[in-house]
Amino acid sequence: IGTGDREDGDESTDVMADEIGGWGWDVAARSLQLTADEYEAENDATVEIEEFGREAMKEDLQTRLSSGTGAPDLAMLEMVDGPAYIETGAIHEISDRIDDAGVYDDFVEGAWASLSDGDDIYALPWDIGPTAVYYRRDVYDEHGLEPDAIETWDDFMAEGEKLPDDVDMLNLPMNDLDGVWRYQFRQLGNQPFTEDGAVNIGNDDSVMIAETVKELYDRGLAATLDGWSSAWFGAYEEGTVASLPSAAWMEGTLRDELSDTAGDWGVYRIPAHEEGGSRASNWGGSSLMIPEQVESAKRNRAWDYIEWSLATEDMQLLMYDEYGLFPALETTYDADVFDEELDFFGGQAARRVFADVAEEMPSYGFSADTPEVTSAINSEFQAMINDDKDPEDAVADAAQTVADRTDRDLA
Amino acid sequence: MAGIEIDDLTKVYDAAAESVVAVEDLDLSVEDGEFLVLVGPSGCGKSTTLRCVAGLEDVTEGSIRFGDEDVTDRRASERDVAMVFQNYALYPHMTVRKNLGFGLKLSTTLSSAEIADRVESTAEMLGITPLLDDKPKELSGGQQQRVALGRAIVREPSVFLMDEPLSNLDAKLRSEMRTELQELQQDLDVTTVYVTHDQTEAMAMGDRIAVMNGGVLQQVGPPEAVYRNPTNEFVANFIGSPSINLFTATVEGSTLHGPGEFTYQLSDPDPVDGSGEVRVGVRPEDITLVESGSNRATVSVVEPMGNENFCYMDLADHELTARIDPELRPEAGEEVAFTFEESSLYLFDVRNGDALKTKTDAVADAKAVDTEASR
Amino acid sequence: MREHRRKDAVWRFLTYAFILVMAVAMLVPLYWMLVAATLPQDEFLNLTPRFYPGTAFLENFASLQDRTDFVRSIWNSVFIAGVYTVLSVLLCSMAGFAFAKYEFRFKEPIFYLILGTLVLPIQLLVIPLFLMMAQIEWTDTFRAIILPWLANPIGIFLMRQNMKSIPDALLESARMDGATEFQIFYRIALPAMRSSLAALAIILFLFQWDLFLYPLVILESEANYTIPVALAGLEGTQRIYYDQIMVATTLAIVPLAILFLVLQKQFVSGILAGSLKE
Amino acid sequence: MTPATATRRRLWDRFRFARQGLSDRLPRLPSVAYLFISPFFVLFGLFLLFPILYTVYLSFFEYQGVSFDSLLWIDLGPILIDVPRVAELEFVGLGNYARILNDGLFWDAMYNTTYILAIQVPIMIGLALALALALNASFVRFKGVFRTAIALPVSANIVAYSTIFLLLFNEFGLINSLLVALGLEEIQWFRSAFWARNTIIAAVTWRWTGYNMIILLAGLQNIPQQLYEAAEIDGASRWQKFRYVTVPQLKPVLLFVVVLSTIGTFKLFAEPYVITGGGPSNATITIVQYIYKEAFDSWNLGYASALTVVFVTIVSAISIVQVRIGGED
Amino acid sequence: MAGIEIDDLTKVYDAAAESVVAVEDLDLSVEDGEFLVLVGPSGCGKSTTLRCVAGLEDVTEGSIRFGDEDVTDRRASERDVAMVFQNYALYPHMTVRKNLGFGLKLSTTLSSAEIADRVESTAEMLGITPLLDDKPKELSGGQQQRVALGRAIVREPSVFLMDEPLSNLDAKLRSEMRTELQELQQDLDVTTVYVTHDQTEAMAMGDRIAVMNGGVLQQVGPPEAVYRNPTNEFVANFIGSPSINLFTATVEGSTLHGPGEFTYQLSDPDPVDGSGEVRVGVRPEDITLVESGSNRATVSVVEPMGNENFCYMDLADHELTARIDPELRPEAGEEVAFTFEESSLYLFDVRNGDALKTKTDAVADAKAVDTEASR
């Protein structure tokens, strides 16, 4: 009988397990299934991919990570969640493996921030979400809106005024206002926390974003449908909402769900907040990680598979092609697929727009306290829209809430 | 106060599958201040009749009048009746005081002080003053009974209705409460209908008793008349404890031939004229054991009751009961001879049970004690 | 017609009206669910609601079954809840019997301790429970979902109250007939309490049927999913197929509805077979 | 009797005698009662005691992350039992509890829960009681049908029915369509704190009214009919019979139902989780949901444990107060 | 079969707050085949005694022997006793057949076929064969009673114990079952202890009766002895219905002065020698109404019972009851004179209630009917 540390056997062998399992949700899981099939064909190993619903997987995974047992050998990790997960020490560090493979520079620089803690890296970037505005080309045409005339949010609103009352310029998803806020906050080059950890979300840029959002709503340009709801899909199908600021991964969903509208879509960069301002940002993105609790043989195999799936151009492009997961692997951007003129977008080479954004997008530091930011912004922005709260107050209150709850100072 | 006039009362229950005729064509009048006992076997419709009078059931047909007023369509609460239930139905969450005052509070315009007075004086009358602040479940059966009675009395209703109010008490208490109740009713002089299945109680308490069977009224009359001159075999059998001895005999002229060797010579054969068979009835107290005689039976059990003995005997396959003097103690298995007077003989029609002959021995009609009587 | 008869009639009318309104209010959501389950996806999107069923139930069911083996999930739920119910009924009535019919030390404190566990929110015990289950390698098993909740405080409370109504003489009678205490329990007390057991069964089944977060965390393979877990899986980031969800909810209601219809009478007569008075 | 049944009987008898012999030889146990409650204790001790104690323990620590160290290991030669430390913990004493006092969101959640409780429980019990009374009235026919209809929502799975309500009260759901059809304004059910809370209240009420009604109905049927008759004769009106007979007689059952419903609503989780997600602006976040968020979204296991302890204490206190008040005569 | 020997039995219940002495120092022996009735008011410890004999309660002190065997420490199931409970305690979910067979199945090694036989024959003996496949709740009270009896009989125990087995039946049925039970016991000849609070039942049924009060045995003896020669006032008062009339009188030489104007001249003053006061007892049947006399009382109620009347009278503030001939019907309010024989007078010590004098009138000891007796 003893207490304290018990030394386990040797840790660093090159032995690889024959069988591993991985978790992902929805499309991501299905994409992994693709690469797993390829991987199994090339290697003498099996990779079992399990598909979940998003919330279900998070809850399940989190329980298993925190109880130190029962986690899969590899799992999808959203970049938003990265720091929070990493902080718990539940995720296996892979800096050395990345060095050995020499793939660090192959990925978009902005993707690494949320997967690292200082110099230590814990996950390999998978896809990213360079942002742009999808729009219903036919609706724009019908009412004389000029996508090319839109450079700033003011332009956007001015064009939007041309639409009749029963057509909205865009949607502000009430359940995802923090997402709306975040891509603009990032677009403006902000970080949620300053270098010394103070809460930065109450800055002037943040207020400006809030004002923009509120103005969109107050001017009657915005619908407020919950994202991904039936009504939301219905609105884009019918064309009662004309534009959809979103990320590259939305392409797949639009193709799948709104196939009737093929050819009626177009893409342009998100508006700047002032003339000449940045028009690049990122929304979403994910990575693959290996839980710390996984035994070494399985870790080795899991890494081998991850590297194969994410650091290989073929595989990344395969997933992009099938499921629209926009590669974080920068070396793929030269591929022909990006210049293809797509029927779905009425012949526009839409993917090039995203690739361009990807190379420009500012990096953004998620942190363990991201959930607090998300919750505070969402709550305050909801209040701003539903209860006509003043944008400045809303932003200030959100910052205060985060500061209180995380024991930080205000910047 | 008022008499009760029940005309042609019929009550049919529409139960799930079939409808049950609980009371059929019942006519009955109860005089003002009278104590009438409704008696009969279980399920004969006594409670139903009482509940119709109370207004707890809608009558199917017929009418009920209290004095001059037709109350057939009135609610129970408007009839000015009080009822004592078999299980007392005291409000378990109220103290005795509240139980008694409840009806007054709800249905009269008496002030609280007046109500309190009435409750106090009723409690005193019944000797339950010390219990006034107890809850029913803290009381013994007899005390609960008294409270239930008090709840009825305190309202000074024009009619008292009681449904087997004593049947939950033990034997000793029951006979005590019986007299108490009677005296109370005599004092208050309120028209009372009292339901019981116990004929002893009925005999002891009623000014008159009404015997029911199968929803039909069989006979109404003073206890003694019903005992002595029942209208049919059912009544004769139901009233009296131990029960009357009954058996079938064949008639040969003026001679009755019963079970075993039993024969009896009638001096007046008129009642059996024309009948081939009759039902013969003799009450236990009219059977006399004699030293010798032609009618003999075998003793099976003798129950000594202190003041008298019950002697159960087998007459062929028939059981006979005789009430005999406590000094007489025949042994089980012994064969004894018995006899009885013709005047105390009952005879019933075999087919419909109607009485052909009932007791004819003289009863001193004198209501006062004017002869030295000895047992 | 006399005054009070008229009042009665008005009262009756109001009573009926109230019952009817409530019955309709209770049934409308279920009916709407049923209708929704029969509409093809695009008609579902059609924003004006309709009140008569469509014809696409089977297609919707097929596409649901395509995404996840929902029939299997129903079976899993029924199986888990069924086994749980049987075991828990036994355990609760055993404990209830002891509390009702025996004297033993610390009887009251123990009883109140059990009742106290009623306020524990299950959701918050999930992590330590999972930890344990993982240690003994019970994750992804049905027993991990069934066992921890067998000692159901409501069940013990109800059985204690109801068992109190068994006359002592009945038990003594059996004792004189030579029955052991355990025989007395299962040959006399249990059968005598049949309707209470039915009521308890409904309550316990319902409890297990509603467990959501815990099985979500414990169960790993899709083949083991219970209904709520499978339902939760239908709502991912991608488009939510409400037609499938409606089919799923409809199917999810059926087993319990059947159980409930069958045992309803006993539920009414059995739940308070004893009195709730202390 | 056929030979087959005779054989079966003989075998059965043998089995019987064997069993009798066994139970004769069993010693007379000092207290068989403990035997009857021991399965409870075994299960309780195995599966619930540890989680409870662990929660209390955690509430004094701050969670730092996962630990893969061994806390304790037992080397039995061939078998090695290894109990992992699991969590990296930092002792903070009552720090977590102190933090609760200033946690605005916790008090918001407390307020929401209390608000929902204060409206939902009385409405539900009121409706359930009214329905039980109505269905207990002697003149009502088709009782079974009505009872079934009203109690049917109980059979809806908690996630399933929450989804139904989500869709019913959706911006474009049935309820809004009905409002429009009636010429009324649509209501943004999930956009205002007021309506979102009421939606939750409606949902919970819908599901549990029938269930409570049945319990109350059972309670009503246990009231002796004679008490009503006695009251009738005492001149009680319908209301007075309710007030003076039904209510006091039903009191224990009512108390039971109220306490259970209170505890149930206090523990509300799945409905807001599915229907409103706690929104808008945290207006429908309930305590359990908040604690859950702290544990599962923010990894604050220690703090969540402290919240749990406080929560359980509050609910227990309220239940005890209810029982005290309701139980006194 | 065996007699029962109870030695020094004491049973103390340790209830929450206090301990209750339910039975104290009880010595009693029941002979083999005897029918002993335990009688006493509610709460006097009858059931407790019986339950100790059955083995359902552990005794606090004392011992119980069946025949030669000490069974004090045996389990109920090992004592070879059978018990009939007040509410019958039939297993509600079993058919009558199963109810009867249950005990045999559990505690005997009879084969299934033998059990079936025994059940059948017992059912036949009790006339419940047609009911064998019914459930208890489908049976009437009397039928249930018979099944409960059957369940006891079928096991052929050495001792029968019955705790108020008839008290749930209605009056008529009760007296029927009473004889039936007696006959059965005579046939089976099994030692029986029968508990009742109804002294009528006790008198009628017991070979001997044991009267208890407050946990203490008062008297054991044949019914008649207890009735005629009670050891104390309690027994005299408890046994007999209507109860004995009791009042306190002062003794002046050989004259007793009672309430009101009551005086009575004793011809034999020995028993009251030295007492200033005594309790005087006269049984209702010994009071005779006479045309004139010095002792006068006012009639309050007369209950006609058919074969006799009960006359309740007030003697000052004391109530007296007299059993009188049915022909005598004094009116309420009337003043009547009464008298009684000295031989039927009871006298008790005022302080401890011990009997000073009991009935001394001659009782024909002859057990056969050898004189023509008339009432």
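So that you can tell them apart, the chains are marked A, B, C, D and E in the order they are listed, and the count of residues begins at 1 in each.
The criterion applied here is as follows: a residue touches a chain if its C-beta (ideal position, glycine included) is under 8 Å from a C-beta of that chain, and two chains touch if they have at least 3 such contacts.
What you see is a predicted model, and the numbers here were worked out from it, not measured in a lab.
Enquirer: Return the chains shared as contacts by subunit A and subunit C, ordered by label.
Expert: Expected: D.
Enquirer: Sort the chain pairs by how many C-beta pairs are in contact and tell me the top one.
Expert: Counting C-beta pairs in contact for each chain pair, the top pair is C-D.
Enquirer: Would you kindly tell me how far, in whole Å, the mean C-alpha position of subunit B lies from that of subunit A?
Expert: Each chain reduced to its C-alpha mean, subunit A and subunit B end up 93 Å apart.
Enquirer: How many angstrom lie between the centres of subunit A and subunit D, each centre taken as the mean Cα position?
Expert: Averaging C-alpha atoms per chain gives centres 38 Å apart.
Enquirer: For subunit B versus subunit D, what separation do you get between their C-alpha means, in angstrom?
Expert: 56
Enquirer: Indicate the residues of subunit B shared as contacts by at least two other chains.
Expert: 75
Enquirer: Where in subunit D do residues touch two or more of the other chains?
Expert: If we look for residues of subunit D contacting two or more partner chains, we find 86, 172, 301.
Enquirer: Spell out, as numbers or ranges, the residues of subunit A touching 2 or more other chains.
Expert: 59, 63, 66-69, 229-231
Enquirer: In their complex, what parts of subunit E are in touch with subunit C?
Expert: 54-56, 75-77, 81-83, 85-87, 89, 91-94, 102-103, 106-107, 151, 155
Enquirer: Which of the residues in subunit D end up touching subunit E in this complex?
Expert: 1, 9-10, 12-13, 16-17, 20, 28
Enquirer: Which subunit C residues qualify as touching subunit A in the complex?
Expert: 44-45, 47, 126-127, 130-131, 134-135, 139, 213, 216-217, 220-222, 229, 232-240, 242
Enquirer: In the complex of these two chains, what residues of subunit E are touching subunit D?
Expert: 75, 105-107, 109, 111-113
Enquirer: So in the complex, the part of subunit A that touches subunit D is made up of which residues?
Expert: Listed in rising order, the residues are 1-6, 58-59, 62-63, 65-69, 84, 87-90, 174-175, 224-225, 229-231, 292-293, 368, 371-372, 375, 378-380, 382-383, 386-387, 401, 404-405.
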